[in-house]
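Notes follow once the structure below has been shown.
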Amino acid sequence: MSDKQSTSSKVALKILPYLSILSVLGIWQLLVVTGVVPNTLLATPVQVVKLFFYKIGHADPDGAVLIVHVLVSIGEALTGYLLALLIGIPLGLLMGWFVLAEGLARPIFEMIRPIPPVAWIPLAIFWFGIGLTGKAFIIWASGMVPCVINSFVGVRMTNPVYIRMARTYGASDWEIFTKICVPSALPMVFGGLQVALAASWTALVAAELIAADAGLGFLITMGRRLLMPDMIVLGMVMVGITGVIIGVIIDRVEKRLVAGVRR
Amino acid sequence: MSNEALLPTSSGAERPKTFREFVSAVFKNVYVLYTISIISFLLLWDAASVLNLLGKFLPRPMEVVYQLYDMFLNPLAGKTLLEHLWFSLRRVLIAFAIAVAIGVPIGLSMGFSKYVHAIVKPVFDLFKPMPPIAWISLAILWFGIGETSKIFIIVIGAIVPCIINSYNGIRLVDPELYDCIRMLGGNKRQEVIEVTFPAAFPAIFAGIQISLSMAWTTVLAAELVGAREGMGFIIITGMNVSKPAMIIGGMVVIALTAWAISVAVTHLERWVCPWKTKLE
Amino acid sequence: MENKAGVKKPKIECTNISKFFGEGQERIHVLDTIDLSVKENEFVVILGPGQSGKSTLLKIIAGLYKPSTGHAYLDGKEISQPGPDRGIVFQRYTLFPWKTVMGNVEMGPKLQGMPRKQRRELAGHYINLVGLNGFEKAYPHQLSGGMKQRVGIARAYANNPKVMLLDEPFGQLDAQTRYFMEQETVRIWETEKRTVIFVTNNIEEAVYLGDRIVVLEGKLPGKMKKIYDVNLPRPRDYTDPDFLELRHRITEETELTL
């Protein structure tokens, strides 16, 4: 393996990423400005940014200011996500340790698991309608699966030596569960948080695309209905950015909580 | 299920002497519990439906079965159940093939060349947080409601795992393997053929697996938004015409298909990568 | 390999070898003016605790690293890159997990273009030599540590190298297997003699295996501390008084707590 790398290539590698992104934006802008791609089909980056600033203050033409859409989406997503955590994690943990829990819950879980999250949407809308309940249900269903799986595996992976040791001290099943299994499963549990979040966010966007009257998915759909590609792209970009921000927040929270727990 | 001996409820396996002990032992057996669980689930479902607990929203289990049978024989919007299934699968397969054909080479070149990586990765990272379904409005605007827009979105969803896993597959090859090949007299070409590809292959294959299941998920989403055939069409129609048996029936078929795909691919992996020790 | 005076030229010669890694502030001085001469078919052990640069020295002889100063020679020719005339056995086995035992062992001849029938026979011979008859079709993940290492040895031998380089090959094995492998190594070496350079941090292992023991200092940069000639007859006995005396002497004089 070569010990050195020439300085010119190191510099090149540092600026290439920025060049790359700038080129993509530039090409995008050019494609529309020169008319290669008609403006009815694609908005320029500049137009998207303009719309962004416009929407900050104006509710038209879709019915709400940008921040309202963002908050609606986040609200729905977090409701379902937190429900998934609150129910899924304890369920998974219990299933990992107590045969009774596993025996009863597992078959049902295994039936639900292969169902792709988006497949819940029609059923949820049919049962609960378009509002918060329906969306929360969908997102809850999407987030449940990774939470349960990761918690289950986390408990199953508990070091058997600790368990044996606790038994020699006469610890009860419940004590072993709470004092050994659960803490030892935490890293896996946290690993599942991000996966659950991604699943939840995707399900939310899909749900809003199909049936909603507010939210970022709704914004995207409205963009199509109003034939405003800048709105579509704005919606897409906001979905991406918001998803990233939530992910970063979850990551920070996780780091705080896990600070003392070591693998 | 490796730690069974350490689970709380398995004691020294003595023969139960009293009836109480017998009952207790029965209830601690996992398989008994599984059976109880499934049966009670179905019974509760049936009861809830009959008792109208969720209004007319919950069909009886038998109704779902009957609905499936009906769709199997009688066309819905011009096609039978199997034909709808085939429409969905066909979209998956086409888009999946395209995603692999484009994604794996991109990931591989990112792994081989630092320059390609520096150019592609930032753009990739920019697009990654957007769920593929978010593209649908744009896709419909561009391509209409036909096959192309759906294939387009599925490709976007399926291509991500291909790229990531191919790239990581190459990046994470143990460098000592390269040392070894060079000591045995291999040249650069042989390094790639004898080490890089075989060593990266399991990761690439795993990426393809994930890609396939992403494709299945995404096709459903695409079909929910705008389609005239396919499994997604079936469940959204069920919603539109207030036939919950159709919705649930469709979900059952969707779940079974997803399960069958994953089983098939797992077996394929065992055949193709026999040296991979599974960490259950 | 004799020069005019009838004295055998050394098989391996290292002159004034030093090695630095990194640049500027993060520069690490790993080896400092190492001079080493190894005769043909000699079994030389490089002994030192962790972090003494001994693996680095081996890798320089292998050609995987270039020395910062000085040169290494094999049969008078300078070593500048890895090559099949030196065979290496790694500490972490580094077998090709997707190939069977046979596939691994025949890799060297395969890279050289040897036809299949021939290389199968050749590989078979070495698989037999290391005592793994019957395991030709096994995959590495099915083998124990000791067996994996034997595959590594067979693989290096099959390429017919002039020199065998072993980098703490038994470090990952349990004590019993380690003793067994040490004895196997001597047996294999005496059956098919090669020049061997063996790196270890275990004094007992060094005394059991080596014709000569080169001790490196226990801290960076690695410097040659002392060279011991081991004149004990083979096969050696771990409990023999002379064995123990030498082992004790090395322990004392080099302050290695091994």
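Going in written order, the chains are labelled A, B and C, and every chain counts its residues from 1.
As a working rule, a contact is a pair of C-beta atoms (placed from the backbone, for glycine too) under 8 Å apart; a residue touches a chain by one contact, two chains touch by 3 or more.
Just so it is clear, the model here is predicted, and its values are computed rather than measured.
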Could you tell me which chain lies farthest from chain A when each chain's centre is the average position of its Cα atoms? C
Using CA atom means as chain centres, which chain is nearest the centre of all the protein shown? B
Using Cα averages as centroids, what's the distance between chain B and chain C in whole Å? 48
Whole-Å separation of chain centres (CA-atom averages), chain A against chain B: 17
Length of the line joining the C-alpha centres of chain A and chain C, rounded to whole Å: 52
Send over the residues of chain B in touch with two or more other chains. 179
Chain A residues counted as touching two or more neighbouring chains: 1
Of all residues in chain C, which are in touch with two or more distinct other chains? 64
Chain A residues touching chain B in their complex are 1, 9, 12-13, 16-21, 24, 41-42, 97-100, 102-108, 111-112, 114-123, 125-127, 156, 158, 160, 163-164, 173, 176-177, 201-202, 205-206, 209-210, 217, 220-221, 223-224, 227, 229, 232-233, 235-237, 239-241, 243-244, 247
Can you name the residues of chain C that touch chain B in the complex? 62-64, 81-84, 86-88, 90, 92, 94, 96-99, 107-108, 111-112, 139-141, 155-156, 159
Can you check the complex and tell me which residues of chain B touch chain C? 174, 176-177, 179-186, 190, 194-195, 198-199, 201, 273-275, 277
Under the definition above, what is the set of chain B residues touching chain A in their complex? 2-3, 6-10, 27-34, 36-38, 41, 54, 57, 114-115, 118-123, 126-127, 129-131, 133-138, 140-142, 175, 178-179, 216-217, 220-221, 224-225, 232, 235-236, 238-239, 242, 244, 247-248, 250-251, 254-256, 258-259, 262
